[in-house]
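Once you scroll down, you'll see the structures, which are given as structure tokens.
Below are two complexes that have chain A in common, paired first with chain B and then with chain C.
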Partner chain A sequence: MKRFAYYDTGHEFPEEIIMAAGFTPYKILGDVHEPTDPADSYVFNYICPFSRSALTEGLAHSDEWAGIAFAQGCDTTNNQYDIWRKHVKTDFLYWLNTPSANNPTAKKFHLHELKRFITHMEKKYNVSITAEKLKEAIQTSNNIKSLMRQIAALRTTKDIPNQEYFELTRKCVQDPKNNVIKDLEATLKEWKKLPGFPSDKVPVLVTGSDITYSEWMDVLDHAGLRLVRDDMSLGERYFAETIGEKSDPIEALVEYNSNIPQSPNRWPFHIRLDYLFKCLKETQVKGVIYQTLKFCEPHLLDLPYMVAQIKGAGYKVITIEREYTPVIDQQVVSRLETFREIL
Partner chain B sequence: MMTMGLDIGSITTKIAVMKDREILGTDVSFTGYNPERAWKEIIKRMLVNLDLKESSIDRIVSTGYGRSNVSIAHKKITEILCHAEGARYFMPNVRSVIDIGGQDSKFIRVDDKGAVTDFVMNDKCSAGTGRFLEVMARALEVPLDEFGALSKKSKNTVRISSMCTVFAESEVISFISKGESRENIIAGIHDSIASRMISMMGRSGVMKPMVMTGGVAKNIGIRRALEKRLGITLDVSATAQVNGAIGAALLAQNLNGSNLNN
Partner chain C sequence: MKRLAKFVVQHPDITIKGIKGFMKQPLTPRMFHILMQYITRSKLIRFLPWVKTGAFTAGFPVEIARAFDVFPYYPEAYGALTGAAECTLPSIEHAESLGYSKDLCSYMKTSIGASRMNWPIDFGGYEPTDLYFSMNGVCDTHLKWFENEAKIFSKPHFGIDIPCPVAGEGDDRMEEYIDYIEQQLWDLIKFLEKNTGKKFNEYKFLKIIDRSYEGCKMFMDCFEYRKRFPANQYFEWVRIFMLPMLCQWNENDWIRFYRSNLKKAEKRYGDSKIVEGGREKYRVGWEGITIWYGIDLYKNVLGEKGAKIVIESYTESFAIRKYPAAQTIRETFRNIGRELLLYPPYTANLERRCKHFDKIIQEYDLDGLIMLANQSCRPQSTGLQDLRDHIVEKWGIPVLILNSDHCDPRAYAEGPINTRIDGFIEMMDANKKRKASKAA
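Up next, the complex of A and B:
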């Protein structure tokens, strides 16, 4: 099944429409190990490095994809649509608008946008995206979300390295869904047998920019910090909620989108904060790591308010602005180790 | 108990040897390319100066960026905890610590029991650190240790607005070409470091009494710029540059068999 790529800095893209059209949804995550020189010809290097890595991936691999869709995300993503249109070779490039607000008008608008996207897909690929196919895709998605919720819950009781959890979250958005389900079922069985939560690790919640490479997850583990909760799109936000299976499938996707944890691209930001507090109430953690990728404006703009509120509620918080590189500098290591020491 | 603290910083290596809570000796040398050689040589020199044998040291704690290179350390502890402990030795009721070192600046909050409760550090950028001062000293052709005295003679503090060392250097060069006095430029450099530090401290919250540590604490100009912006007097010990090593030596005294994991 050919991949259909999507570029979404949040977790709002309706993968189910792609699945119903007969493609494998593939989330563009860039590659931190590849230099971004090709993209740097079109985007200045003080713009979000992840977005430049995503563009580099698009420039190199677009011919392997049936098409590409953008989900409305941060300003950097949205404004790069034109750059992709000009420089990335593809037969189909689509920008899917998802509302920032969450009210009846926004839902109506979203419904219209999803229907418009379906029409464009049907016309381009000469397929029929029926309600039955969408319902089937929704069931597959829900299966994955349910398995991931069960797996993620094991993090508080079992010895699950951060990097291994990360690898599953990546598979969910990049690999063929049937393979993902098989992998997750096997992993769930296997992880239930793992030894208990290690005594030399400290349970933490990680929020902020999406961590798209495993090296950063390893650094947290080496510093003795174990992710037991996360508030990231490449993580819990992707599988926190279930899509309705009884109603009209497009309406169910709209409803689902209005219930999922909010990314920093959306407002008002107290909704994000309320969700974080809910996670912190559900799971006992020793500290919160608020890490942001350099130049990640949505998170950097939220950070002062969010951190003040979390600290104000009595939680220990460390803020780290990280470079987009697999090579972790000693200063970051020292800061994480100190955080571990004070926890 | 005889303990040794080694602080392997990005620019300098510091050592402190203590007997119980009394400082027997301290020393500073350049770290250079080979941190292992740096700590081995400074230990050798210290032992000769104090007429001690290595076997007479009961516990060694290493800290700083090069802490992992010290194979003989009984424990490696991050510099934030060591600086807090060192500052508490100098002022037992300290509640916050400003530490400006070679490549980073830190603000550390300490509770009434001396435990670190919060800290903030500069992000990966040399602006506002000792390295920043070194670059500026080179541009102004002034030895770094004269910076403090020269800044006292300034009549008008210039404003350095760039957030980046490289761009700030260009700004300084522009001031030189405009004929601005060295004294005024140096005062502006100190003020820009103080400004950066204050905004960082704002993320955690200032609490008194406050101690300044690290090599940059020796610079009276920086201290004055910080004091002016904070509206308080900063306490600086005579051993500010080796404060991290003193803290490491003190923490070494708390080590026992159960916490000797590196």
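Up next, the complex of A and C:
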């Protein structure tokens, strides 16, 4: 099954429509190991490095994809669509205007946008995206989300290295869904047998920019910190909620989008904060790591208020602004080690 | 008033610096009077407890709130004026000490820093308002800045979600987006009715829209005289001239002011294309926000070499009302949607941006273009390389990409910028000579 790539800075893109069209949804995550020189010809180096990595991937690999779709995300995604349109070779580049607001008016618009996207997919690929196919895709998605919830819950009780959890979250958005289900089922069985939570590790919640490469998860491990909760798109945001299976499938996707933990470019803001506090209530963590990728404006904009709220609720927080690099930054490790000592 | 007095006593050095900074601006007495009138009025309004105040981001359809008698505050404009006064650095640094990153918008940090230090509006601060209004049509920062402020001060916030009109989308698509914006404007009415306790006065609203349209039209009519040789006004003047229109504090005054300026231009130029000293040595366009603290750049570094900024997309973008009031509220709302999506060149997609520059390069007879790669305004900076390539390829004029920031003087490296401008001037000169020899 050919891959259909999508560019989404949160978890707004409806993978299920791609699945119902007969493609494997593939989330563009860039490659931190590849230099971004090709993208740097079109985008300044003081603009989100992840976006430049994603563009580099698009420039090099677009011929492997049946098409590409963007979901409206942050300013960077929105403004770079035109650059992709000009420089990335593809037969099909689609702009899905996912609303940033979360209210009844926005939901109505979202419903319209999803229907329009379906029509364009059907026309382009000469396929019929029926309600049955969508329901089937939704069931598959829900199956993955359910497995991931069970697996993620083990993080508090078992010895699960951060990197291994990350690798699963990546697979969920890039690999063929049936393979993912098999992998997750096997992993769940295997991880249940793992030894208990290591006494030398400290459980933390990680929030902020999406972490798109496993090396940064190693940074946490190096510092003796274990990620047991998160509110990232490559993480819990992807599987925290279930898509309704009884109602009209497109309406169910709209409802789902409105219920998931929000990325920072959406509003009202309290939905994001509410989810964070829900996690903190549910799981005993020792501290919160608010990490932001360099130039990641939506998260940087939320940071002062969010941190004040989290601290105000009595939690310990460390803020880290990280570079986009696979190199393990010892300065960051030292800061995190100090944080662990404080905890 | 108290705030200002306290500020002057506590910060005599910054006060003097600010006065000096303002003195450098090409302010006419009338323009200065209008600005001071706005600032004074916005201070005095706080003594009228029955008047609701609202903080607005640029571009937000403020006329709807004004129909509910909400008095508009524009923290972004206060930041701009503080930039012109060359006094932003302490407030930016203060905001950074509160956790706002060095990479974030320097308008926002000027406002937040100054407000938290209780600085007066004259130096970028403002007191919390009753309501907050923002939209993401220009940038996420607008939306999030005011949403966060509203949260911090426990005040109601209304956000408008503007769909992103990317390149390649046609008129039908725009109508779909306009449907969404229209519906949100009806939601805004409900929000205002709830929070002001007043009913929507349709007649008043349409009247305000008409006045707003009239002012924006006159502002753009003045631009016509910038196409003449020499241009009627340059960027360093127009960037202050636009503020009354942006802030909408007292439309009668600014409309009168624009009308008198228009009349002056008509008298000076009439139908003549070339008057007095004739054409500027180099007619230059500017893409991006102005460097507020960089008056010397415009007046001296560029000006003394004969390069004058005769057109800029930034100021033009604030003349957002392109339609007078329509027959119905619904159609007027749809026109507002159309204006938000299609007109401001500052927020245009790459396709429309290229077309816009194709038009102004011809109409304003430009010899070169300067683009600001603005370190704290990434939406505006994205796509500049493609725009430059398009212009150089199609029009063969030099394009200079300057790296700096609109309000943060730390990002202004005078030496390297001057050197690059020297090179840019030389390129324009060589280009003109080449054209002349070809023509001969």
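To be clear about the criterion, the second predicted complex is superposed on the first by the 343 of 343 C-alpha atoms of A that agree within 3 Å, B and C clash if a C-alpha of one lies under 4 Å from a C-alpha of the other, contacts with A are read in each partner's own complex, and residues count from 1 in each chain.
Throughout what follows, contacts are C-beta pairs under 8 Å (C-beta built on N, C-alpha and C of every residue); 3 or more make two chains touch, one makes a residue touch a chain.
Small disclaimer: the values here were computed from a predicted structure and weren't measured.
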- In the overlay, answer first, second, both or neither for which of chain B and chain C A:43 touches. second
- In the superposed arrangement, does A:319 touch chain B (first), chain C (second), both or neither? both
- Query: Where does A:106 make contact in the superposed view: on chain B (first), on chain C (second), on both, or on neither?
  - Reply: second
- Larger residue footprint on chain A, choosing between chain B and chain C, goes to C
- Query: After lining up the shared chain so the two structures overlap, which partner does A:83 touch, if you call chain B first and chain C second: first, second, both or neither?
  - Reply: second
- Query: So, A:300: does it touch chain B (first), chain C (second), both, or neither?
  - Reply: second
- Task: Kindly classify A:337 by the partners it touches after superposition: chain B alone (first), chain C alone (second), both, or neither?
- Result: first
- Should A:329 be classified as contacting the first partner (chain B), the second (chain C), both, or neither? first
- Both chain B and chain C contact which residues of chain A? 304, 307, 319, 321
- Residues of chain B defined as touching chain A within the complex: 65, 77-81, 103-104, 115-121, 123-124, 203
- Query: Which chain C residues qualify as touching chain A in the complex?
  - Reply: 98-101, 103-104, 136, 139-141, 143-145, 147-148, 151-152, 157, 159, 161, 163-164, 166-169, 176-177, 179-180, 183-184, 187, 349-351, 373, 375, 378-379, 381-386
- Query: Once bound in the complex, which stretches of chain A touch chain C?
  - Reply: 41-44, 46-48, 72, 74-76, 78-83, 85-86, 95, 97, 99-101, 103, 105-106, 108-109, 112, 116, 264-265, 267-270, 292, 294-295, 297-298, 300-305, 307, 319, 321
- Note on the structure: In their shared complex, chain B is touched by residues of chain A numbered 304, 307, 311, 316, 319-321, 323, 329-332, 334-335, 337-338, 341-342
